[in-house]
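Lettered A, B, C and D in written order, each chain numbered from 1.
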């Protein structure tokens, strides 16, 4: 699984987000790989209406129906066409109680959940809350261009071991600094089910070529 | 101006949000009043594609293009069809530095801005940042059913005076507990340019009837 | 163990905090029970200089030495005489990554740690981070006067079971609504090692009498 | 006025904070300059008991007496011996509503207030809330070693002008990158009443010598 986090880059906002999503759809179909696009909340509806690969939200708050102005609910992103979401990304960390509440709300709404973590202990804490996936991303490597699979393979294998000991069916992804086919390959060899990536593809001079180069790592 | 905050109520999420927006559009046209719908971020695109009254966001973060996963940018809500936004609603308070940064981002994106405040001093602080509107809403009255125009008219007139002394062209709205025509009338008589309201309409047994009753106050 | 959280009540700030701590010390010695006082950060040094029972902080941030103006570090509360701390109290919830970082900092500083949680899943997530204690406090019962041991015994026994399955040596406390001897007794019978309490004692007309009535429950 | 922010540096925590405060007291007396020490909350009581120069807190929350575990109240830092406080430092930004509530609580407790800001618009917003001082500190220069008075004199003069237009009796300080006598001199020449500084003195190989070098700028 390749989850492409659009963050709030200009190259992946609004019409550019739609264009990039269509590239992802094309590469996904052509190479037979599972690519998930993760656009901003406001872009979910436009993209989900136009492409048929999975669209995930970047964040869901731990609140439901009610007086929660300005919050992102599981029900709203589901209604807009998302089929899953990141929770607790390093750029949008949540309180422990809110991660748990968000997971409950997402499960009720039928969203697949990826809880992001920063080290092995927080990976373990996330895993006991039984999300669908945990994504380990050491914050110091995010956007660094240095792949976590090379810079810190132990945090990846440590996370895989920790999660599998807690719950066999919680998947593990890794992220931070990943952009090339060899990084993806290394991540899978370390025992993960896939990767979370962003700038390496989104800021590439040729997004499609970068994505193709990535998937050839499989 | 009547701004209807959809919050995250079930009666104003997804398809229900679209239905309510169409009611607002109808009443707006029929009675010649300016009604603005303020749905959740994920619902903006669907609604703006289907109705022609203004759609505002509930919240915009003080960040721009870049590595800000899970944040709501001015550019993204603008691309989705919003023409304005609330900032610093009592259910989504922002740091002072972020209110300022959000206002700069919204101005660049061409969004009309309504900064929400809780008392006269914070109204004054918001006004010097020169948003298009300040909306005073005493938090203890929000969702109370007791209209601010009756319960605390001084905070409304105090806000109007304070704002007009700072900048003539910053508009003043008021909110909290408003649902009836007489409340709207009272708010305008206190010197405001309009109201911000939510549960009184959204949770009404008949939303259209409640909205019609409201606008007859004009 | 009885941990008395002083919160920011007037009856437990500054000189009043010192007076209450001396009452706790007296009752602790007289009845041979382990009472811990948990005053505001600014009161720790005064109290630890004057009483010999343990003094805990109410909160420690997940940061260490450096540019963290306005944060509470483990090193600073340790230097002021604290021997332990609450982390993630329901009135001061932390991000998951900060709970973990706070625990690491507290361990380095030699502080005993009590991580507060709101339900069984978050208790489990806290337990895998291996604090000295987890304190389960359903937020809706805090300050209610209805003891958790009566209102929701299942959340207490569920927490004890969950923690003991994860790590035998992590203790379990419970809190919320506890003020009487029978509540304390019930909490211990449900398998906890003690209680966390506040308003029931602090706001009592006679703090000493209330504390004595509590400990007779043992 | 020279306000020395101790942040959470090892060189200014616990006993080291006391030692540094005594150096400040000595230099203050010797050179006849007003030096204020701004230690961590837990260190206030120890320092205020031992030195006679003003001790300020680094942060006060916008809450009063009540159920606010882990928060820093104006009453508690006052009781511990503080005579003033920073509010909204760039490393501890507050929501607008909380800045206002903190100012009200500090005024009631008799604390002198310094609200920190990041640019001219937020300086203006802080000034209308009528603190005793506003301290402008461009965040990108904090800890940089490049003094704001050289790198961005316009933000300083712009802040002084903006504040004086709003309220003559609100003082202006500046900070960020200041460590030398010439920086202090430049800051005063730009119209400020003093400076806020930290690492330039605290991390100096010889704190006393660095402080003496600073005050000779007067």
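A few notes on this one:
The criterion applied here is as follows: a residue touches a chain if its C-beta (ideal position, glycine included) is under 8 Å from a C-beta of that chain, and two chains touch if they have at least 3 such contacts.
Model, not experiment: these values are computed from the prediction.
Of the two chain pairs shown, A-B and A-C, the one joined by more C-beta contacts is A-B. Centres computed as Cα averages put chain B at a distance of 41 Å from chain C. Averaged Cα coordinates give chain A a centre that lies 37 Å from the centre of chain C. Computed from the mean C-alpha positions, the centre of chain A lies at a distance of 32 Å from the centre of chain B. Under the contact definition stated at the top, the residues of chain D that touch 2 or more other chains are 90.
Contacts between chains close into a ring here, every chain touching precisely two others. Considering their complex, residues 88, 90, 93-100, 117-119, 121-122, 124-126, 128-129, 166 of chain B touch chain D.
Across the complex, chain C meets chain D through its residues 5, 7-10, 13-15, 40-46, 57-59, 63-73, 75-80, 82, 86, 89-92, 142-143, 198-199.
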